[in-house]
Amino acid sequence: MAHVRLITPITTSGFRSEEELSSIAGSGLRLSLTQIEQGPASIESAYETAFSEPATILRIIEAERDGVDAVVIDCMADPGLAGAREAVSIPVLGPSQTSMHLASMLGHSFSVLTVLPRLRAQFETLAAVYGLKGKLASVRAVDIPVLELEDDIGATQAKLVSVAEAAIHEDGAHAIVFGCTGLMGCAAAVRTGLLERGIDIPVIDPIPTTLRLAGALVDSGLAHSKLTSPTPPDKAMPGYAGAPSRFSSGP
Amino acid sequence: MAHVRLITPITTSGFRSEEELSSIAGSGLRLSLTQIEQGPASIESAYETAFSEPATILRIIEAERDGVDAVVIDCMADPGLAGAREAVSIPVLGPSQTSMHLASMLGHSFSVLTVLPRLRAQFETLAAVYGLKGKLASVRAVDIPVLELEDDIGATQAKLVSVAEAAIHEDGAHAIVFGCTGLMGCAAAVRTGLLERGIDIPVIDPIPTTLRLAGALVDSGLAHSKLTSPTPPDKAMPGYAGAPSRFSSGP
Amino acid sequence: MAHVRLITPITTSGFRSEEELSSIAGSGLRLSLTQIEQGPASIESAYETAFSEPATILRIIEAERDGVDAVVIDCMADPGLAGAREAVSIPVLGPSQTSMHLASMLGHSFSVLTVLPRLRAQFETLAAVYGLKGKLASVRAVDIPVLELEDDIGATQAKLVSVAEAAIHEDGAHAIVFGCTGLMGCAAAVRTGLLERGIDIPVIDPIPTTLRLAGALVDSGLAHSKLTSPTPPDKAMPGYAGAPSRFSSGP
Amino acid sequence: MAHVRLITPITTSGFRSEEELSSIAGSGLRLSLTQIEQGPASIESAYETAFSEPATILRIIEAERDGVDAVVIDCMADPGLAGAREAVSIPVLGPSQTSMHLASMLGHSFSVLTVLPRLRAQFETLAAVYGLKGKLASVRAVDIPVLELEDDIGATQAKLVSVAEAAIHEDGAHAIVFGCTGLMGCAAAVRTGLLERGIDIPVIDPIPTTLRLAGALVDSGLAHSKLTSPTPPDKAMPGYAGAPSRFSSGP
Amino acid sequence: MAHVRLITPITTSGFRSEEELSSIAGSGLRLSLTQIEQGPASIESAYETAFSEPATILRIIEAERDGVDAVVIDCMADPGLAGAREAVSIPVLGPSQTSMHLASMLGHSFSVLTVLPRLRAQFETLAAVYGLKGKLASVRAVDIPVLELEDDIGATQAKLVSVAEAAIHEDGAHAIVFGCTGLMGCAAAVRTGLLERGIDIPVIDPIPTTLRLAGALVDSGLAHSKLTSPTPPDKAMPGYAGAPSRFSSGP
Amino acid sequence: MAHVRLITPITTSGFRSEEELSSIAGSGLRLSLTQIEQGPASIESAYETAFSEPATILRIIEAERDGVDAVVIDCMADPGLAGAREAVSIPVLGPSQTSMHLASMLGHSFSVLTVLPRLRAQFETLAAVYGLKGKLASVRAVDIPVLELEDDIGATQAKLVSVAEAAIHEDGAHAIVFGCTGLMGCAAAVRTGLLERGIDIPVIDPIPTTLRLAGALVDSGLAHSKLTSPTPPDKAMPGYAGAPSRFSSGP
């Protein structure tokens, strides 16, 4: 049974709970959860992504030492993905990369639905890095602040449906990816809302899907390429007490 | 527990056995197997792909009627993928599309290792259709006829390792995808061979990996987009007695 | 004098007539016509395309045996193009591939005008396969069912003009390609309608243009590459009595 | 019967003769020939291309006034193509654009065989302008000065065959385009040489093929888009006495 | 102190004045100015671009002989850029190429604001040639004739601001490049107008910026590649008395 | 006079000296220098890049507070570029982005010459992010450890010349960019070495060139787009005492 750990790369406590994960775990999948203690309260910018990465990478190194089989990063900016893959051998998955590839497999094109308009360039850049720029139809934002998303969950879901419709009719989207892990749990309602409008397309909830894909990779014995992500050289890292002094194995 | 069916799109009996599948099934995954009776003995060309598709699509329609949860097509040409997705609502996965996307997630670039040099254009075209042309480093062939692949399995695996090395060193491949489902079962040996040469990269065995990914999609409630793959119109199909007379549901 | 055969890949009789071809034949071009008897009544989906291909390919093999100089497939999905090119040495042209390339030569960008909105993904995928995705401005549909296209030909042509205008003004199209061979014969009226609005651009009627290009290729001694389309291996094809038992020449 | 004029954009007399054209003319195609008197002796650089363009464009304007139906520019740099298309309404074809598109239709990829290595960047740039960069496998040069090409025509053709083989085996070319109109007439010998080596691919001789395609366009009533190539404004042109003082028609 | 010369590639006198340049020159930058006497009165088409190039190239050769350190061409069509770079060793910069690259460095995407809608295809083609097609959000035109731009400079600037806003909100532009050197001097007003609407993005005035970049290149000892732009062969150029008889140095 | 600050994003003292900068400063350019105290000793991996970014961004915020006009990051991984541009309004330039754009302006294609083969994927990814993937001919490494680069500077330069030659002849490079700021100062010798072999192309030394370009941007009043790099929200940043508590100005 694959053990996959979700690493929340922000310092706000209570953002993610074990309860949320319990419905995802199950047949063949054991889940655990941790978060960082050094870095941003939440991630809404490249600036905050940068400050999130060191502690996130250290949590992923810790997960490998704990004997975890795979790790998923709990943020659609995929913070620390490239650096962590160098530092460990177990699979490390970002929900943004994973969701974009699954959406590309299931549809001719996809749109990302996120919270803030300022994130459009970030998602277009990630799509370019992941080689999927040609599949990204658009990035659209709902006009609701993150902290108000759950104030009126019905209104949030209704807004998601109407923005998804705009992406479909105006931008040519054939699949939807949620661009904020804070929207976790809304996929079923959005899919139902679209079906009521006669639109039958996949609505990808990144975290549950990426956790399950991580399990499938573990079962298949697959991890990231060490040619793409070679082990870092051993080197001093002043100011980061938790950073490992060496990566190379040996007596 | 997800029930995934593998559809072998060729008429040669005995190509694939239930025994081969038993090691893949397990935690949360139930597998079944069928094949076509009208079409080519094997698929090594676009000509044969075309003659394989009608019967393959009909087998996939049958699978949905049988209550199967998802289908995987057992050939790296992904025959019938686009047509079958229109005809059914359950997920239909091609091993070529799935493996190329997974390789793109796990590495900066990938090469396809296949049996015949004549298949290079086919894989490059599939990569273009799937939106992954920028990730495909090369297509390389081992010089062993399909029917002789198992004559000396050690020699085949040694050849695969040396061709993989050439793809890595000369073409810049960071991951390997087997380009022939006849190579199923060789991934572990090839990965070991590369590790012995100091190369630690994913070697994707398409059928087992695609079956497991199909299970993860079923668990996530995801299927292909019906905007990309809309249900076909009801229409006469002279000469294909098994073709359904109608797709639309109704009383 | 080049002899080019038009192969209609649907089983509905009377869709295409010798009379329609007579105005295209002429200086240096002899035309003949045939159609399939096994497959869909018409082609409006990938599902139907798949069921059209075996019989279409066999008709193309027959054409080569009949001494025809070149073949044009009478459908904008280009059904059977890749498979047929492997099976024969005479030029085989698809109207979609040919029209998209000519439009790309004559204008900075082009739009495809078709009948059904569901075909957008198909044409975008074909453009990707043919290497012309960067030239395709849009795919737009007139809202008239195929069987009603000729009910009020004036209304159809007026609709085509207005949809062409939208493609030009909103999508930046600089040339128009008809995306349905059922629109054959409407190009002059649409071009006139656009000229009356001050827009002087090529409107490509795919079948007549592709037939003439086939003649020019025959005169130039050119055919498709057998590296791209190598001859299929000799192999059994259960369920397709008409399939050749061998492709290789010999005593 | 379409009247197509070949415009030789260099000032060296005797480069092209009516006799060369006689074998191309025939069924439905009437050919004429002219050349420029102001500009370079030959074209082997962007510098010379620039000095060739004004007189070439004026010759094309003259051709339209002479009642010619279409024009082909006799140089693989396609000098004056964009400017001339603005100035006239009859089709103007460049052999480079036309040959690259035909090669892309007939093969998965193509290589350009030219005389001088310095022309590689030029052909790659033209392929980008024409939207075909993804189809260009390589540009390769034979090491024979233009003026010595005909000294030992057998040696030239043998060299072309061996360079074509290198493009096929090392660069993945599936079709060949001659990158110098001075190689006109060598296609049959090169194709034969490749067939003797078991390679059956199209070898495109740009001028004859482009002349025939121009005829097919005239027969189809097609010309370039005036949205891409709008008529120039009427304007003074000091130093070019032959330039028209107005383009707009009027009483 | 770097000496950079601005070459105005049109024959209308008084288009550009020494006074305009005086505010750009200064710390480390000396500027001079010249224009052509053979060619178009202004450049608004590919036709006029072609007639501008010979004299422009000869002026650039003259500049190198005069001991100038670098040259900037004073037109957003970059006329003569490729040909002149072959003919000289000092840096030759086009404002279109330079501005598009700087805009790509400073923003996720950029739009070109020009005078005439007919120039859209030209700028999209230039972006393709310069390798920046993926960064170009749109080309938009103000509806004011060039000769009327300065009639009501306030109205022109207001129109530029509103068209820039449309490019930002509808096309996703993150930076603005002026597409006409006749707009020189308007950047500050347009940037201020956008700031008043809360939009803080770079507005690139191509000529001043390109002149300063030319100075930075001279200070860095950099010029264009002679592999991309090899010296032309010595050759007769009938009809262009000013063309050099030889490029190669020597006794 | 523009004041540009070079920020060295590693904790090893003495890597960069004021003396090195004195030859670059001069006409119109004032330079200053600082480095980080929290982070990696050097940067040779994505892992180290991640640990370098927080302190580098804080140094850039400090530079703006100090009244500096522009900042250049002293590492070819461009660490902190995206995050810092959000946090400040003064221009922030990365040498990798700047050099790749300049190389693309000066040549048809460019190669990056770096120290370690493991960095190939990093540079290809950066080129994709910067929109220049189509211009990157290759990434090649000299086989000399960073700390031994200066042991035998003549040998290092000779190796650079021979690797540059391989990039030119085998990969088609038309310009060279140094892929390690530790190679600063070697450009003149490499250019001379290539000229001795008859190859006249730009060899870009990223730091001096980027510092001069930063000066030109300051003189032009240009900075990065705040639509691409919007100001971060005010937010707590536990564990980073130096992070600003607010970005928004106000009383």
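For reference, chains read A, B, C, D, E and F in written order, and residue numbers begin at 1 within each chain.
Definition applied: a contact is a pair of C-beta atoms (placed from the backbone, for glycine too) under 8 Å apart; a residue touches a chain by one contact, two chains touch by 3 or more.
Please read these numbers as outputs of a predicted model, since none were measured by experiment.
Of all chains in the assembly, those touching chain B and also chain E are A, C, D, F. If you take chain A and chain F together, the chains in touch with both are B, E.
Most remote from chain F, judged by the distance between CA-atom centroids, is C. These two copies of the sequence, chain A and chain E, are related by a rotation of 120 degrees on CA atoms, to the nearest 5.
Chain B and chain C have CA centres that are 30 Å apart. Centroid to centroid, with C-alpha atoms defining each point, chain A and chain C lie 44 Å apart.
Each of residues 108, 121, 125, 131, 134, 174, 227-228 in chain A touches at least two other chains. Residue ranges of chain D in contact with chain E, taken from their complex: 11, 37-42, 44-51, 53-55, 57, 80, 82-87, 118, 121, 125, 128-129, 131, 227-230, 232-233, 235-240, 243. If you check the complex, the residues on chain C that touch chain A are 120-121, 124-125, 133.
The touching residues of chain D, counted against chain B in their complex, run 108-109, 134, 172, 174. By the touch criterion given at the top, residues 1, 26-29, 89, 91, 93, 97-98, 101-102, 104-108, 130-132, 134-135, 168, 174-175, 187-188, 191, 199-202, 204-205, 208-209, 212-213, 215-217, 219-228 of chain C touch chain D in their complex.
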